[in-house]
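Please go over the structures that come below.
Next come two complexes built around chain A: one with chain B, the other with chain C.
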Partner chain A sequence: MPNWNRLQTNSFLECSARDRAVGLVDEGSFVELGGPFDRLVSPHLVALGEAVENDDGIVTGVGRIGARPVFVISQEGRFIGGSVGEVGGAKMVGIIDMAIDFNDRLVAEFPDLPPSARPLVAISFETGGVRLHEANAGLLAHAEVMDALQRARHKVPVVALIGSRIGCFGGMGFVAAATDAIVMSEFGRLGLTGPEVIEQEMGKDEFDASNRALVYRTTGGRHKYVMGDANFLVDDTVAAFRAQLADLCALPVSSFEAMRRIGSPELVEKQLRGVALAAELKPSDARDVWRHAGNNDPVGLADGPLADFRKSVRRLAL
Partner chain B sequence: MSLETIEFTVAGDGRSVSLSRRAHCGVVGSGDLEVLLEPKTADAAVSVRIVTPVKGFDALWKRVVEHFVAETGLSGLSIDINDNNASPAIVALRLRQALAEAQG
Partner chain C sequence: METLLGQGRAAIDLIVDAGSFTEGTVGARTFDDPDFGPGAVVGTASLEGETVTVIASDAEAFNEKFPVVYSGIIGLEEGYKMAQAVYATLAADAEKAAASKRPIVLIVDTPGNGPGKVEEIFGMNKATGAYQLALAEARLAGHPIVAMVVGRAISGAFLCHGLQADRILSLTSEFQTMIHVMPITSVSRIIKKDVELLEALAKSNPVFAAGPAFFFKLGGVERLVETIDGMRPAIAAQIADIRKAKADKAATALTGPRGRGALGAERGGRTVRPKVQELLRSEFAAVEERFRPRAN
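After this line comes the complex of A and B, so read on.
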């Protein structure tokens, strides 16, 4: 086990999946379930002769924040780009279902249990989405995770944490969007089609994936915060992500409804207003949208310290 | 195109340094590996199992692990490795890290 105190000041971006899982919950409280010693390797990779990992690139377990049981899923980007296949997806579903079952049992037995003592799910994303080696099994795994999020709705809050190297793209971008709240650092990136894939499909004129500034101002934490895709923008430390998660742990599940992006007729209407705005504004760059949201100096705002950004940024109202 | 599984045992040198608990270290990234060390009570030998996509390096794997066992005097454990094209130096480093984790 890594030293918990030392982990807290570490860059979230630099942390392995297991370090994030351990550091996000209270000291010494993380218990890994379906860990490397359970040897849950992907049978698809074995058949293809590809290197396997005993946790299939996803750390799952349970810990505590205060009195709240926190069920943790943490993805490892260094193993095949954090791609999610059949086994990894099943581990995610298993943990979410475990949280739901535990919640149901607790609420049945202790109806007066305060929200701060009821289960919550935290997912630390670092993934490009479906593991292409596993084809339909990988796609199905994503669908099953989406299903599990639906089952958790109104029962167990699901919080996404995005601030790791690979970002959160592809099918898992959809999954993140379907969670109740999203916490990002400015180094976190969130999207559906990743920059390299857009460049490959549409050409360098459409999107230059080697242009880091462009990539970050289109998919990075600051932009996602302006757009309302991310609910919270925190510093790049384990402690900062943990503090935000701890704040959310105080809230009842009903309070998470207002943070969601999808899942109600009102939110569909809001999305449609966004589409209409895009058609009217015809933005050629993320800066155009920042300006429209009321930020007169988007370049200065993007380059300044994060604390100043948080203080002065105007977020898009739809 | 299939995964290679290399299995062998290394006899300890009689110093019988044993593990008190199991340990895991590393991520199977490109050029990297994960190591699992587990104490076993059945016998004093070191059982080794390596899963790798690379063929033809059985003798080298054996030398690296034998060197690690000789250096540390370990006995009565199993070493389980999932490899993805790691160099011998990286393998030696991760074995050391896993041991530090088990003793830390």
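After this line comes the complex of A and C, so read on.
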């Protein structure tokens, strides 16, 4: 087990999936479920003669923050880009299902159980989505995760944490969007079509994937915070992500509805006001939207320290 | 052999009762702006006499405002428009009992979600996610949802428009239907394995190969339909069957994504998934006591 106290000051960006899982919950509380000793390897990678991981690149388990049982899913980008196949997808769905089931049983048994003692799910994303080596199974698993998120609605809050190397793209980009609350660091990236794919499909004029600044301007934490897609923008330490998660652990599930970006007819109408704005502004760069939101010096704002950014940024009102 | 690829509108007419499709009206909601989400066709029809919501893609349409949307691509407006149609369906039957809520028929022929800079700046992930959540909500509320693949059902666009259905039907590959994340040639390039090897492996393991037959083996498609005329009765039969499955309190026959999970194990295409979940459950049961409310 990694040293919990030392983990707290670590860069979230640099952390392995297991370190994130352990460090996000209270010291010593994390119990890994479906861990490496269970050897849940992908049979499809075996069939292809590829290297496997004994956790299939997704760490799953349960810990506590205060009185709250926190079910954790943490993706490992260093194993095939954090891609999701049959086993990893089954682990994700299994954890969300168990959180819902545990919640239902606890609430039946203790109707007055305070929100801060009811289950919550935290997902630390680091993934490009479907694993191509087992693409069809990965795709079907994504649909199951979306179904599980809808089943969790109004019962178990699901929090997305995004601040790892690979970002959160492909099908997992909409899985993250479908959670209740999103916590990002400025190094986190969130989107559907990754930069390389846009360049490949639409050409370098549409998107130059080698331009790192452009990539971060379009999908990075600061931009997603301006857009309202990220609810919270935190420093790049395990402690900062953990502190934000702990704050959220105090809230009842009903309070999470107001943090959502999609998942109701009203929210669809709200997002459509954004789409109308996109059609009107025809932004050639995310900075155009920042300016529209009332940030007169988007370049200075983007390059300044995060603390100043959080203090002075104006977020898009839709 | 005939094909319906690229002909979503024609497919609607072949599936629903003759002349019954009213485009742009779902329950109390109307979609009056012809320039809004033109790649998405939504409306109401009757299928063997029963009122159904129909959602399809129009491969001929081009979205002037969002030029990445053509050929049936689901863009920002299209994703949200499809979600609106689902929410309008929910609203229309809000007072009805679960067993009598109207079906939703998804006619699937879409090559992808909008891949563009503006899409990423504003969040294409939200548009496709919004539609999926709406479908999942409608499915869980009792609306029978059937997806009929008549052309392309590709990757994220299939997740968006199809994979949240209770049941999925597909015309066989003779009709040029395509279901995949990526063609096997692209998979081969990216994962650096010979196409010949992949094709040989695909005979015993359908997990990365492209096509409806492989998805059938994985439980990703419930039934293959062999004729165009066969689509309408097959959809109607599924609707009746879904209603039966949902009314069964013991939930012996699951529908939707997890029903297809069970089917994947049954058909031998995805056998590890249930074992993984069973293992997680038993391991949690062993430590559950630690996570129950502490006695004061």
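One rule holds for everything that comes next: the second predicted complex is superposed on the first by the 318 of 318 C-alpha atoms of A that agree within 3 Å, B and C clash if a C-alpha of one lies under 4 Å from a C-alpha of the other, contacts with A are read in each partner's own complex, and residues count from 1 in each chain.
We adopt the following convention: a residue touches a chain if its C-beta (ideal position, glycine included) is under 8 Å from a C-beta of that chain, and two chains touch if they have at least 3 such contacts.
Everything numeric in this text was worked out from a predicted model, so none of it was measured.
After superposition onto chain A, partners chain B and chain C are found to sit side by side with no clash.
Of the two partner chains placed by the overlay, chain B and chain C both lie in contact with A:L48. Of the two partner chains placed by superposition, only chain C is touched by A:G138; chain B is not. Once the two complexes are overlaid on the shared chain, A:S16 sits against chain B while remaining clear of chain C.
Of the two partner chains, chain B is the only one that A:P36 touches; chain C does not reach it. When the two structures are aligned on the shared chain, A:I96 is found in touch with neither chain B nor chain C.
The superposition places the C-alpha centres of chain B and chain C at an angle of 100 degrees about the C-alpha centre of chain A, rounded in steps of 10. Of the two partner chains, chain B is the only one that A:E76 touches; chain C does not reach it.
Comparing chain B with chain C, more residues of chain A are touched by C. Once the two complexes are overlaid on the shared chain, A:V87 sits against chain C while remaining clear of chain B.
Aligning both complexes on chain A leaves chain B and chain C separated at their closest CA atoms by 7 Å. Across the superposed pair, chain B and chain C both touch chain A at residues 48, 50.
Touching chain C in their complex are the following residues of chain A: 31, 33-34, 38, 40, 42-44, 47-48, 50, 60, 62, 64, 67, 69, 86-87, 89-91, 93-95, 97-98, 102, 106, 110, 113, 117, 129-130, 132-144, 146-147, 149-151, 153, 170-171, 173-178, 190-193, 197-198, 201-202, 206-207, 218-219, 223-224, 227, 229, 261-265, 267-268, 271-272, 274-275, 277-279, 282-286, 289. Taken together, the chain A residues at the contact with chain B in this complex read 16-17, 35-37, 41, 45-46, 48-54, 76, 78-79. Contact residues of chain C toward chain A in the complex are 65-66, 68, 76-77, 80, 83-84, 87, 91, 113, 115-130, 132-134, 136-137, 140, 155-156, 158-160, 163-164, 180-182, 187, 190-191, 193, 201, 205-209, 214-215, 218-220, 256-258, 260-261, 264, 269-274, 276-277, 279-281, 283-284, 287-288, 290-294.
If you check the complex, the residues on chain B that touch chain A are 1-3, 22, 24, 27-29, 32, 34, 36, 38, 51-53, 80, 82-85.
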